[in-house]
Amino acid sequence: MKLLLIHIVVAGALIYAYFRQPGALIPYTALSTALLFLLLIIFLWVSSKFYNRSYYRKLPKLFYFLLYFLKELFVANLKIAYDIVTPHYRMQPTLLALPLNAKTDLEISLLANIISLTPGTLSIDISEDRSVLYVHTLYVKHGDVEQLKRSIKDGFERRILELTA
Amino acid sequence: MSILHVTLIISMIMLSICLLLNAIRFAIGPTLPDRITAFDLFVANIIGIIIIYTELTDNEDFIDVAMVLSLFGFLGSISFAYYIMKITK
Amino acid sequence: MFYALLIGILAAAAAPLLFRAIGRRVVVPMVLIALLLFVYYCTFLPQVLQGQNLVEQYSWVPELGINLQFRMDGLSLLFALLISFFGALVMLYASGYLHNDRLLGRFYLYLTLFMTAMLGLVTSDNIFCLFISWELTSISSYLLIGFKQADKNARTAAWQALLVTGLGGLALMAGLILISISADSYTFSGLTEQRQLVQQHIFYLPAVILVLVGCFTKSAQFPFHFWLPNAMAAPTPVSAYLHSATMVKAGIYLLARLNPVLAGPDVWHYALMAAGGITAVLGAVLALQHTDLKAILAYTTISALGLLVTMLGLGSEYAVKAMLVFLLAHALYKGTLFLVTGCIDHSTGTRDLQKLHHLGPGMKYNGWAASLAALSMAGVFPFIGFVGKELLYESTLESLLLLAVNFIAGVAFVAVAIIIGFRVFWRKATDKTQLQHKAGFKLYFPPLVLAGIGLLLGVLVSSVPSPLLQQGARAVLADETAKLKLSLWHGFTPVLGLSVLTIIAGMLVYSFLPAIHTRVTALQPVYKYGPNAVYHKLFEQFLVKAKAFILWLQDGYLRSYVMYIMLFFCGLLLFTLQRDTPGINITDRIYQLQEVRLYELVVLFLVIAALVYLLGTRSRLTSIVVMGLIGYSAALFYILFGAPDVAITQFLIETLTVVIFVLLLHKLPAFTYLSHQFKKYKFIAISVLFGSLMTYVMLLVQQQAIPSELKKYYGKMSYMEAHGRNIVNVILVDFRGLDTLGEITVLAVAALGIFSLLRLNPEKGGKP
Amino acid sequence: MRTIIFATAIRYLTPVFLLFSVYILFRGHNHPGGGFIGGLIGSIAFVFHVLAHGSERTVNTYFQLTVFHQNRQENHSRTKYVWDLVGANTWKRIQPFKSASWQFYILRVRPAYMMATGLFIAVTSGVVGLLRGQSFMAAWWMEGEIPIIGAIGTPILFDTGVYLLVLGMVLKLVFTMSKE
Amino acid sequence: MAGTIDWVLVKEIISCVFILTGVIFMLIASIGLLRFPDFYIRMSAITKGATLGLGLILLGMGVYFNQPGVMLKVLAIIGFTSITAPVAAHVIGRTAVQNRISFWPKTNLKEFEDYITKEHLEQPINHDKYTEDIKEDIRMEMGGGDDADNG
Amino acid sequence: METLLPLMVGSLFAAGLYFILHRHLFKVILGLILFGLATNLFLFVVGGLTRGGTAIINKHEKVAVEPYADPVPQALLLTAIVIGFGIQAFAIVLIRRVYQTFKSNNLDELRKENEAH
Amino acid sequence: MPSDLLLLLPLLIPLYGALLCLMFWQKEKWQAAMAGLAQVAWLAGSAFLLQRVWVQDVVSTQIGNWPAPYGITLVADVFSALLLLAGAVIGLAVYLFSLQGLDVTRRRFGYYPLLLLLQMGVSGVCLTGDLFNLYVWFEVLLICCFALLSLGSTKGQLEGTLKYVTINFLASGLLLTGVGVVYSLFGSLNLAELAVLVRQPTHPNLPLLSMASIFFLVGFGVKSAIFPLFFWLPASYHTPPIAISAFIAGLITKVGIYTFIRLFTLIFVSDLGFLLPLLAILSGLTMLVGVIGAAAQTDFKKILSFHIISQIGYMLMGLAIYTPLAIAGSIFFIVHNILVKTNLFLISGVVAERYRTFSLKKLGDVYLEQPILALLFLVSALSLAGTPPLSGFWGKLMLAKAGLTAGNYILVATSLCVSLVTLFSMTKIWNEVFWKPKAQSLEKKLTRAPVNLFRLRQLYLPVILLLVFILFIGVCARPLVQLSERAANGLLHIENYTETVLTNNNTRK
């Protein structure tokens, strides 16, 4: 994924160079710059097919992951918002012991942070042997803890591992 | 007065209410982590106020303040946590 | 004349070094130098006797009117000769008296210094020059009285002498300044010319009082006489030289010197006569009550000094003559007697009259000297003492009171003279006092010389001392025509009758002395109220009260200090505010409230609430969080009013402070419960007062603020000249970069200080 | 604090913070920021690091440089030797540990020196004015501008001095305190 | 048609929508902070709400200014907060657990018992450490002993 | 706000002083910090309050355009804040050291080495 | 040498010296060498500066080439140069003393750089022509004092420093607020411009000047330890080792008084009818309280500490009388006191180095055992007490004369009484420390401390150095009197000062 950083820098530099010359065709606004930037990144991404296959494959996954995350974020936030503004609590707080497939520091912390960032779940701690992540969660569908665990593992963990692999 | 202006003023008022609510949680506690959480939210509210103020005055210099605050606002909570760990271990 | 003094000072400085180099032989050069000075002053005789005033002048600090101005006239020369001659003899004597003392070098240092100072005193024409010498004599006297520093009495006496004469010195300084201001002149000659100005100036009375206090302390006049008997703790040569012959006469000298300037108005005369008269009688009476030879001599000295002051106060030509002659006579015989007493002390180990009997055979030279001096003291023909006494009586014939004073003193002198000149040495007694040492040449030669001179001058009174004394009298009276023809024999006059009567009365008193001595204890309670007791009482009370006062004021509580400071500040601020302020325009203020935004109000409310909460909470961590809250709110205000840089800094600093707290907190004090308990409301009141005053000041200043040129200038130049758009930053690094340099220095030092605070522990031998 | 999550986050964030602090330093002349703020931000980055990893680890990571050195062999060409030295000290930093022929020295950047250097730069940037015959701290600007950083002149140098000093100061505090 | 669209107005309206949504999220978060029953619930629910709200407000501003520089900063801030907020939440939450801050009684702690035994946190939860409740204060006033202190 | 801010700053002053007058070491630190904060705000308030306009020259201008806040008090304030920070840090460490050495948090007990004796 | 450089040298020399010391942090010997070089250079720089202002009266430079009211001004007149020179002399003396008289641990922990930076602060305060910059330099000076006072962290030091820090922090706060008030009311920070502004009778805010002056009166009053603001001084000055307290005690309060005199002759002159009587009362009380405090003490250093306060009263007295002679007297007194007070502290240090105590009760017999030291003490002590013709006399005389001329009789009387009590205290020390025989019980214990005579002799060196200066300004008082009068004249006739600053021609391009 280092390549993404390099691409961003390259794209940024190109845009900077473009707008520094007098009489640029495109107006210098956030929207146009962002579009230009996206265009460049996509171009670079396509070009990477020829020299970095894994990056070529991973970038769309990253994109989907972000979308998935944003969806989760919104949904969960709305869920909680509903709980806050209505008089009753619908939540059933539960502490999960989530077995981990993630191994490296980066993977574990990415996962934990993503979980924490999603409303309704909070990574409390990791067991000494780094095999279990303890998660405080508010909503367990039908009280099925295992199902929830599976959905987290399938949702976030799998995607993260795919990206970092 | 444009729509934007009205929106911004309403937002300011709502954020002010947020501040008050946080203050209440802060006051009632009951535990220190509660207060720290309230403080965290307080910082987030302040960032919000700064952002709205930026738009209200059309002066982008204030964004930098928000940026610094968003980066380092959490050091406070970290420090408290650090402290609590240190004294209990 | 200046170089003579310089030689004196150099000699003084050399004395300890010489002593280290050549041991006790140091006496030879010291005596020689004193003699050299004597000879030097003798060379002035011809000119002075012709009535010339020799003047010498060097610029020193002309801005303050202080120059090295010297003048030699009859009065000065008389004293200078006395001082240098006496000095030589005392130095010789001292080497015998202190021959085993390992601090002899220092003794000579002090003694020579004193002699020089004294010479400077009597030869100065500049009043401040005189004052400088005056103070130096006090200091050297202090060092000499306390010469036997291991003896507590000596230390106390030295201290007392210094403080009393020091007090006088300060009064004298003030007096001299007043005089110099009133006539705008700094020399005695100048002042004498401007005497009208001085005497008509409003400063005249205070100046006279101050000068008199100065002179009276120095010359041991009532009520400052008490230090002199105590000063007898000094080695005897010192008592002889300083406390009878020279230093105590410095006051007399100055009075005589100032006589032409200040004499005239009644207050001068009456003050002198009153003080002198009381002192003379008191000294005489007290002298007879003591059995310590030195004490007796000291009190008679006081009495004699009193007589001198009285005479000066009388101020007539006769009186001045009498004063001068008596001064000379007294110096000679009293010096002798002191030196003899010193010998007695040295040889027998005691000075108690009741233990000393029939010493004459063992120390015959001293005995002769004592007898000769005693005869002079008693005023027996043909000694100079006789001439002096005659003149004294003659000048006071018109005033019965003063005559009585003279008579009483004279009687006491006779009695004392018999004691020393006869009883101690020659009266046969069954239990002869054993001598431990034999008095050597150095111990008997000087008194013998002095006593001999007393006789000689008496015999030759009309030819030898008379011309010099005449010049002296002219100086005192500021009258170039004053005549002083002295003769030994005036014929059978009433005055002679008085003299004889005095001697007879003195003998009678002497015969009653044992009875007096046994009754003295009955008088003890009286002394509780004497000036000496007052001094000690004052001394102790001052120390006690000072200690109590300072313990009360500097009580060790930080908060009382802070409280005093803040009260002082608030008081002054309140005063100026109620006096000067234009007042705050309330309507404007209320109108401005319309501008307030809700969010501002909320943040403001939060800060106040946080403060209230802070006052109540007793958890450290919560307090720190609350502090953070307040700090962040302040930063928010900085943003709202256009100061992003300040706001960022405030945020970061607040955060860092929290970190510092946290890193150190587990070693910071816990909130064990400590209430203010007492005075809590006082503290609240002060704080509220302070807070409201600051609020008021802020409102006032806001209202009165004027737009600043700096703002415009920086706004204009920041980008154009300093290449920066952020004016605040440009001010920090360019316009006012020096501030920032200082500021970062503060930071560096703070870091160093914190580092050493935390790491350095000398007890454990810390390493960097 | 033994928590991987925090430690990892800080490990990745610290360089970002440091970059950010330098950025703030240089743009301070035209926007909010400057040496003091930049220095504080940089130092707070290290404070995080100290909190997460302990001061020893921070020192090892950021404040010491291991310099590798090897004596030149007979058969070693001079160019190759220099190239090897440069390589060992830049991109191949791990390899020398594995070989016995390499020696290494540890260079330490002490906060006190950092402070002193900062102060030195700040003062000396002022002395430039004196040396040019003008008064102390009279600014001297280079022609032209550098992207992002902007115009370069002695005031910027001064601000850099401030930055270093603040950085050194806070580090000194934090290192001292955390060793307590 | 394109000529008749007031782009400035569109921009403002988009900005308004973002900002209002964001502020509402923040407000709800604040209410939640006040309402929710235990520390962990507040923690896991609230800070994230605020993060989302803040992100939306920021985006609103970015749209309004429509400048690349501002947008970059906006993205930076969003990025920063989405890294720092969960880390802070985790750290505080962990600290709370370590210090036996009590859970809401309805919390299901079945899977957590393992952790509790390992970390020796079985002792009854001790609130005193973090509370300055009034009773404690009164005790101090009467007895003059140590305060309810955190240290 | 020109009217209300002085009130707030005044209360900060009062609270700061009140804490400094306390005999508890920790409260004294709090007092010092509050007092410092109040001093800084005083400088700011007294220097004139301008809403919104920062003292930064717009990139389209060459000179600052009104209304902009007076940069001078801000610059002074920045310097003062930094200096205050240095001194406060020192004070905090000092108090910690005092506590460690005297084993007491009560200022009154430090009086044992009373200076007036 | 150009004036710009001369004005900057007193700032730059100590700063660079301190920097070098920091660079040689591990090597104490090198630090000592660097510090020594810096001390000598500082002395030379100050001397040159004095020589320059003697010729030119006032010299000024604009930092950063920004013209006068906008950039920071450095300005020197005779008064400031004189104070700097005195500071440089005692700096050298204290430095020499510290080589043997301070433990190596403290020297290793930044004693030299701290001392140098303190001197830099002093230079800044003396030379700056800007109100806020003055505050900054004062803070530099203060934080150095904090660090030095606490250097070593003994119990007494910590307690003393705590009080020192707290009270001085408050005072600094008041100063800062005062600066804000003055800036808002008059729109300038430049002292010269302010001086011109407050002399315009029509200025609308003139009536508020005395309100503003209260902030400075109390702020600098605390720093210069006048009554009733002096409490921190006796609480702290006796606590650190002599090499530290000698310099701080000798110089720092005088720097406070310097500022006091500077500001109250330059700026706060509109309300002298109120200020002068107030100052007169304060100065009288300061003298009295200080001297009473000293009289009650039985510790060498504490006596000296309390006397600082009493002598501050004298310095303030000149300002209260407000005539050229009076202010000249104050200035003379300041210079004299800096030298003498430092010397007395150093002597107490030499005594303590041998006998390990400052208690008058335990000490004794120094007169016999260290005669040279006794002589050195006696001269210094008498100088302090104002015995003629030593240095203290001249200041006292000038003040008394000025006071009597101006009709401040009570103040003069007080000052003379105080000088008597000073004599009392000094001779008390002499009696107890030098003359009195040591108590038998203590004798064994005290002499057991190993005495390195060589070291002890080296400690005499700075004392003798200072004594030479003291004797010089006593016996050859004229140069200093002239300088003081020049300085006082400059203070009371500010036209030269304002003109030099405001028309300085080294402005932009």
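As written, the chain order gives the labels A, B, C, D, E, F and G, with residue 1 at the start of each chain.
The criterion applied here is as follows: a contact is a pair of C-beta atoms (placed from the backbone, for glycine too) under 8 Å apart; a residue touches a chain by one contact, two chains touch by 3 or more.
The structure presented is a predicted model; accordingly, all values stated were derived computationally and were not measured.
Undergrad: Can you check which chain pair, B-C or C-G, has more C-beta pairs in contact?
TA: C-G
Undergrad: State the chain with the largest centre-to-centre distance from chain D, centres being mean CA positions.
TA: C
Undergrad: Let me spell it out: compute each chain's centre from its C-alpha atoms, then which one is farthest from chain A's centre?
TA: Max centre-to-centre separation from chain A belongs to C.
Undergrad: Give the identifier of the chain nearest to the protein's overall CA centre, each chain being represented by its own CA mean.
TA: G
Undergrad: Please tell me the distance, in whole Å, between the geometric centres of chain B and chain G computed from their C-alpha atoms.
TA: 49
Undergrad: Counting only Cα atoms for the centres, state how far chain C is from chain D in Å.
TA: Distance between chain centres, rounded to whole Å: 65 Å.
Undergrad: Can you work out the whole-Å distance between the CA centroids of chain A and chain B?
TA: 24
Undergrad: Mind checking the centre-to-centre distance between chain C and chain E? Centres are C-alpha means, answer in whole Å.
TA: A distance of 76 Å separates the two centres.
Undergrad: Scan chain F for residues touching two or more other chains and write them down.
TA: Answer for chain F, listing residues that touch two or more other chains: 20, 28, 38, 40, 42, 46, 48, 51-54, 56, 72, 76, 78-79, 82-83, 86-87, 89-90, 93-95, 97, 110, 115-117.
Undergrad: Could you list the positions in chain D whose residues touch two or more of the other chains?
TA: In chain D, 1, 3, 5-6, 9, 30-33, 36-37, 41, 44, 47, 51, 112, 115-116, 119, 123, 126, 136-137, 139, 169, 173, 177 touch at least two other chains.
Undergrad: Touching two or more other chains, which residues of chain B qualify?
TA: In chain B, the residues touching two or more other chains are 15, 17, 29, 32, 36, 53, 61-62, 64-65, 68, 71-73, 75, 78-82, 84-85, 87.
Undergrad: What does chain D use to touch chain E in their complex?
TA: 1, 3, 5-6, 9, 13
Undergrad: How about chain A: which of its residues touch chain E in the complex?
TA: On the chain A side, the touching residues are 15, 28-31, 33-34, 73-74, 76-77, 80-81, 83-85, 89, 91-97, 112-125, 127-128, 134, 136-138, 140, 145.
Undergrad: Which residues of chain G touch chain F once you look at their complex with the stated criterion?
TA: 132, 135-136, 139, 142-143, 146-147, 150, 153, 155-156, 158-162, 165-166, 169-170, 172-173, 176-177, 179-181, 183-184, 189, 234-236, 238, 293, 296-297, 302
Undergrad: Tell me, which parts of chain D touch chain A in their complex?
TA: For chain D paired with chain A, touching residues are 3-5, 7-9, 11-12, 147.
Undergrad: Help me check something: in the complex, which residues belonging to chain E touch chain B?
TA: My answer: residues 12-13, 15-16, 19-20, 22-24, 26-27, 29-31, 33-34, 39, 42-43, 46-47, 50-51, 53-54, 57-58, 60-61, 64-65, 67, 69-70, 73-74, 76-77, 80-81, 84-85, 87-88, 91-96, 98-99, 101, 127, 130-133, 150-151.
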